[in-house]
Each structure stands twice: as C-alpha cells, then as structure tokens.
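Listed next: structures, encoded as structure tokens.
Below are two complexes that have subunit A in common, paired first with subunit B and then with subunit C.
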Partner chain A sequence: MIERAISLLIISSLFFFFLLLTYYFRHFIYQFLSILVLMVLQGVLFLYLNAEFLAAVQIIVYVGAILIMFLFSLFLFPEEELKGIKTDVSRISYKTFIPIGLLVLLLVISLYRAVPENYSKQEFLSDIKVIGNFLFNEYWFLIYLLAFILSLPMVALYIFFRREDASRNN
Partner chain B sequence: MLQEIINFFAKEYIFYLISGMLIFLGISLFLLRKNLLIAILALEVAFNGVNLAFATASHYLGDPKGKMVVLVTLAIAAGSFSIGLILVVNYYRLKRSLSFDELKLLGERDEE
Partner chain C sequence: MALGESLPLHLEILIVLIKIAIVLGVFLFHAAYTVYAERKILGRMQARLGPREVGPYGLLQPIADLVKLLFKEDIVPAEAHKTLFKIAPLLVLTFAIVNLSVIPFHPSFIIADVNLGVLLILAFAGLGTYGIILAGYSSGSKYSLLGGLRSASQILSYEIPLSLSLAGVILYAESFHLRDIVEVQVNSLFGINVFPQILGFIVFLICAFAETNRAPFDLPEAESELVAGYITEYSGFRMGLFFLGEYISMYVMALLISICYFGGWAFPWWLANALPFLKAIPPTLVLALKVYFFIFLFIWVRATFPRYRFDQLMSMSWKILIPLSLINFLIVALIKWLGV
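Right after this comes the complex of A and B.
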C-alpha cells in the first residue's frame, strides 16, 4: 500500500505542476504541450484503477493520434495568432458561475447519495475480458451507433471542402 | 501524520481530486482565454476529467459499466473534436481571426 501511496503522491504533484504551467504559459504551443503531459499522466492513472485497456486507448489513440493531429493542425495557423494569449477576466460576470456551482453541488449530492454504505470491492483481473464481454453482448447496438457517429467527421470534411473543389474545376 | 497522508493517497479521494482539477482547468480555460482553438481543447480537457471520475467510481464501486461509459465518451469526444477543428479552420479562412469577439457569422450581415 505504501508504494501505491508514494507513486500516487508523485504523480499527483506532477499533475499539479503541469496544471500550473498551463496557466503560466502565454504561448499556445507550450500550453498545449503541458496539457499533453496531463493527458499522459491521466493514462498512467488509469493503470492504478485496473483499467489497462483504457490506459492503452488513452495513450495510443487519444494522445498519440488525436492530440498530435491537433498539434499538426496548429501549424496551419500563423504564429501571431498563437502567442501572447492573455486572460480576459473583465467580461465574465458572476452569473456565469451560478450554473457551474449548481452543477457541482448536484454532482456532490448525487455522489454522496449514490455510494452505498457497504459495498463489496470487486477485483477484475482481466480488464479487456470484462470490457469485451460487455461490448459484444450487452452494448452491441451502442457500437454500431458509435461507428455511425465516427463517420460524421468524414461527412463534415466532404461538405466543408466540396465547394472549393467545385469552384476550382470551373 | 505520515500514516494519514499514506491513507489519503491509498484511497480514491486523490482520483476524484485530480478529476475535479481537470474539469476546473477545462472550464476556466474556456471562460478566461478568448480563443477558439483553446476553447475546443478546454472542452476536451473537461471531458477527460469526467472520464477519470467515471473510471474511479467504476473501480471503487465494483461495476465495469463505468469503464464502458469512458470508452464511449472517448469515441464521441474524438468525433466532436475533429468537427470542431474543421469549423475553426474554416472560420479562420473566412475571418482571419480566432477571437470570440467576431463570432457573428450567422448573427449579422457584413456591411458592404
């Protein structure tokens, strides 16, 4: 238990350090890189929750593909748009925080009421086996729905860039 | 004192704390920085905080359905992220700006 506690202490202090760096940097590329480190640390945290498959998906798919795609798309923009990003507090009124506070209150109350007094902690030795069992037996319709949702970005790409190709052909 | 710290980090509170920090980071970046690229990235960070809370609750309550929710949320977040990126790139091609202040493409016509 003490090894787990010490490693979680190190990881959470690293998390807090890079969180502060995100607020400190003014250049967007540096902010993005610190957020990238936060996502990798979150993937490490999934390992401590016995979710090896989620950790692999988080690091390989999310950090390694999606966020790196975002980093490459940042190269499309000129650097003047990305550096010198300042914080604008003046236009935020206190009314903005009312729905956020209500949401947090609702979340805390629901968490407090949802946890039973005595629950039996279960150990899942093989996370992939459990998730695969759920995916292909109980949630098969959700997988088809996800495949449909993931095809939407390709349709959006076609729609947004179709007009330019048509005008270029003319 | 040392035993209390070890007990704190050995339980699930630190995971909930980190997920709350991620959600706070996402919301504050969305509200404070008036930039469209930062806005979509901040929404992704908030999504990840919710994901971590789901995975923690799933582990400590002994129910694997929370990890299923995380998997579904990751896929949907990837799709919405790419669509948001397409919209921002097209918006920049039209307006040559990434600021929130000029975000009135549908609201008013350009004066010619």
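Right after this comes the complex of A and C.
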C-alpha cells in the first residue's frame, strides 16, 4: 500500500503545482497548457483508481478534443490580448463562493455520516467502482442536488453575458 | 526458476528496456529508409531516377541527410516563444513513438501488455496534435499559425470517424486488446475483418492519411499556400524530429490497419488451408509484409492524388466519413446479433 500512497502524494503534489502555475503565468497560452497538464493528471488519477477506461476517455475526449477547441479559439485573439493577464481579485463576487460553500457543507455531511460498515475501507480508498457504488447507493439525492447547484453558475454566466449584450445594444 | 513463477522486478525492467531498444532501433532505421524508399518510388512514378549519388544505388542517402540535418544551424526566430518552440517537435515525436509500446509485433512480443491498447493509441494521437498546434503558434509567424490551425481542425474532424470505424472492430472482437482483435478475426467466418467491415476499412484508411498529415490531406503543410505550414520556421534537427514523427505515425497507422483489418501476423484460415506453406512464414514477417504494403500505399497515394481544398476536406469528414462509419458500426452490430 505504501507505493500507492507515495504515488497518490506525487500526483496530488503535481496537481497543486500546476494549479498554482495557472495563476502564476501571465500569458493565456501558458495558463492553458497548465490546465492541459491538469487534465492529463486527472487521467492519471483515474488510472490510480483502477478506472483505465475512464482514464483513456478522459484523455481522448477532454484533452484530445475539447481542449484543442479551446486552444483553437485562443489562437483567434491577437497576441497582445493574450499576454499580460492579471488576476483582479477585487472583481470576484462573494456569490461565487456560495456553490463552493454548499459543496464543502455536503462534504462535511458526508464525512459526518462516514462510510457504512458493509464497504471495505481499503477498497473504498483505492477503487473508483466501489466509490461509485457507494455514492450512487447512499448519496444519490445529494449527488443530484450537487449537480443542480454546479449548473447554476453556468446559467448565471449566460444571463450575465446576455445582460451585458443588451446594455451594449442600448 | 519454476514455470509460472514471476520474474524479479529488476529482470522484468531489464527485459522491457531491451524490448524498447529493439523496437526503437528497428523503427528509427525503418523511418530513415522509408524516406529513401519514398524518394525512389516517387522518382520512378514521375519518370525520374531518385537519389543515386550517395553510395551504391543511393543507399547511403538517409545517412547523408541525417548528417546534414544534425550539422545545420539551429535557428530560433526572435518572435518565437522559445520554450514552446523547442518542446513542440519533441511532443510530436514522443507521442508517435509511445504508440508503438502497445502494439503487438508477434503474439508474444509487446512492450506494454495493456487491455485498452486501441484506446491508448487514440489518446496518444490526440496528445500528439498539441505538438503540431504549439509549433504553429510558438513560431511567431502567420504561415505557421495558419498551418497549426488547419492541423487542429483537421485532426479533430478526422479523429471521430477514425474512432467510430475502430469501434466496429472493437465490437466484433469484444475487446480493446490488439492481440484479441487478431485472434478473433482469424477464427471468424471471414478470416479477416476487411470483408465484413469494408466500409470501416475505407473510412479508417482515409482517416489514417488525414491523421498523419499525408497527401492528399497535407493541408497543414501545403507548400503552395502556407510555405511549409507549422514547420516553416524550423530548421536542422528540430525539423528532422517532425519528419521522424510523421514517418513513425505512418508506421503506427499501417500497423493498426494490418492488425485491425488484415489479421495482423496471421493469414486468414481459408488462405492458410488453400496454401499450407504460408503457415511456415514467421508471424512477424507476415505482419511486416502487410505493413510494407500499406507504407507503399501511402507513397503511391502521395504521387497520385492532388491535394484537397480545405472545405472539401471538412465536408468529407463530417458529411461522408462519419455517416459511413456509423453504418459500418450498425452492420457489425447486425453481424454480431446474427452470431456470424
């Protein structure tokens, strides 16, 4: 088990490192490349959890298709607009943290209820199938609720941009 | 050591390293001499002689080319993103070579015996695209950038029919493992997959040309429109790395076609029964002969077909190849349902 623990530590350190790099870089393309590595690392994490199929699909669909389209759209911008990106923290609204807060709350509730006795703890930490079974059997309502909450920012973003367009037209 | 007992870890690692060395050596040699073969064959097809000055019959030409590429000045443009510019050719080459690790060259010779071989090849093909796109962007030239953009849209469009045509093969074999795919098709009624899945084979073949940026789909590096596309600003050994990646990708595609549609290292049972002496040919040689044929086809097509226009390229993928590959998938499903 020690090898698995070490590999998990390495993967999570890399995750953290590249996550920081997305903030550190001041160029859109380099930020994008950090996200690309994060996506590949997610595939590696799936491999760690014995979900080889999911890992391959993660790389083929997200890294091989969706992110390429992302990059494609970035190339349409002039070079001057891609560099010199600065994160303006003051523009982040407190409402952004509502879904994150709810997510943390759900996690706390989950931890409070803990893993039932009929699930082996060893398998629970290393096998994504067991985690999947557990989540869908025990927490299906919370998962649907979470999915609904996470879809809210997307809807909000859409409304936000529509309003901006409308104000521009006026 | 008793039979069935696993080897110590250091021995296993040593065996894998030896396998990697063999495969790399063979494929790098093949890539170099495929350039020679291409120049010779193209020469003959265009009523020329091809290379014949360096060594007997021009056989040392690849070595002369290599020496020239290694000693040329390595120019990095002032406008370029230097790190990306240097990494991009390595990405192309690495992801082309990594594909070879999951391909079986013999029933018992494979570097990484993984269950999801086909999916891994598709995944690495997707990652290799980044090398081309980033080369285009990092060069700081409009020609290169347009070459990179064309490559992105081309590979995105052709990956879908390629994967769908492979889905038919996977469904027929009920496995992602390339060795299982060979075994299932050799023992099937048809002997090879190309008969029941002729549509899938045609789609795969066309997509193989597009995925490797070969003529008639070499739009990302169309000489007459974009100078040399994403390679425009590259020189010396970095340019050589791109070409090496392209030729190794050609071999990967030829290997995949041979394994998925032509029975890999085996002959179909009806041919082996009709000509029993074929069973004496070593399996790797059988696979190599099939691969050489498809490499010849790659060169033949380059000499024969004119380049497609970009809109033709796109409409071919989305309007023709994707529906065809879906029809192929339905046919395979029907065959499986009938239990043939």
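Methods note: the second predicted complex is superposed on the first by the 98 of 170 C-alpha atoms of A that agree within 3 Å, B and C clash if a C-alpha of one lies under 4 Å from a C-alpha of the other, contacts with A are read in each partner's own complex, and residues count from 1 in each chain.
In the analysis below, contacts are C-beta pairs under 8 Å (C-beta built on N, C-alpha and C of every residue); 3 or more make two chains touch, one makes a residue touch a chain.
These figures come from a predicted structure and were not determined experimentally.
Novice: Give one of first, second, both or neither to describe whether A:44 is in contact with subunit B, with subunit C, with both, or with none.
Specialist: neither
Novice: With both complexes overlaid on chain A, does A:131 touch subunit B (first), subunit C (second), both or neither?
Specialist: After superposing on A, A:131 lies in contact with subunit B but is clear of subunit C.
Novice: When both complexes are superposed, which of subunit B and subunit C contacts more residues belonging to subunit A?
Specialist: Looking at subunit B versus subunit C, the one contacting more residues of subunit A is B.
Novice: Is A:9 touching the first partner subunit B, the second partner subunit C, both, or neither of them?
Specialist: A:9 contacts subunit B only, not subunit C.
Novice: Touch check for A:68: first (subunit B), second (subunit C), both, or neither?
Specialist: The second partner, subunit C, only.
Novice: Quick one: classify A:60 as touching subunit B (first), subunit C (second), both or neither.
Specialist: Second partner only.
Novice: Would you sort A:52 into first (subunit B), second (subunit C), both or neither based on which partner it touches?
Specialist: After superposition on chain A, A:52 lies in contact with subunit C alone.
Novice: Is A:28 in contact with subunit B, with subunit C, with both, or with neither (first, second, both, neither)?
Specialist: first
Novice: Let me check the overlay on chain A: which residues of subunit A are in contact with subunit B and also with subunit C?
Specialist: Dual-contact residues (subunit A): 53, 57, 69.
Novice: Can you tell me which positions in subunit A touch subunit C when the two form their complex?
Specialist: 29, 36, 40, 43, 52-53, 56-57, 59-60, 63-65, 68-69, 71-72, 75
Novice: For the complex, give me every residue of subunit A touching subunit B.
Specialist: So the residues of subunit A touching subunit B come out as 1-2, 4-6, 8-9, 12, 15-16, 19, 22, 28, 31-32, 35, 38-39, 42, 45-46, 48-51, 53-54, 57-58, 61-62, 66, 69-70, 73-74, 76-77, 81-82, 85-89, 91-92, 96, 100, 111, 115, 119-122, 124, 127, 130-131, 134-135, 139, 142, 146, 149-150, 152-153, 156-157, 160.
Novice: Would you pull the subunit C residues touching subunit A in the complex into a rising list?
Specialist: Residues 81, 84, 114-116, 119-120, 122-123, 125-127, 129-130, 133, 137, 145, 148-149, 152-153, 155-156, 159, 163 of subunit C touch subunit A in their complex.
Novice: For the complex, give me every residue of subunit B touching subunit A.
Specialist: 5-10, 14-15, 17-18, 21-22, 25, 27, 29, 31-35, 37-38, 41, 45, 48, 51-52, 55-62, 64-65, 67-68, 70-72, 74-76, 78-79, 81-83, 85-86, 89-90, 92, 97-98
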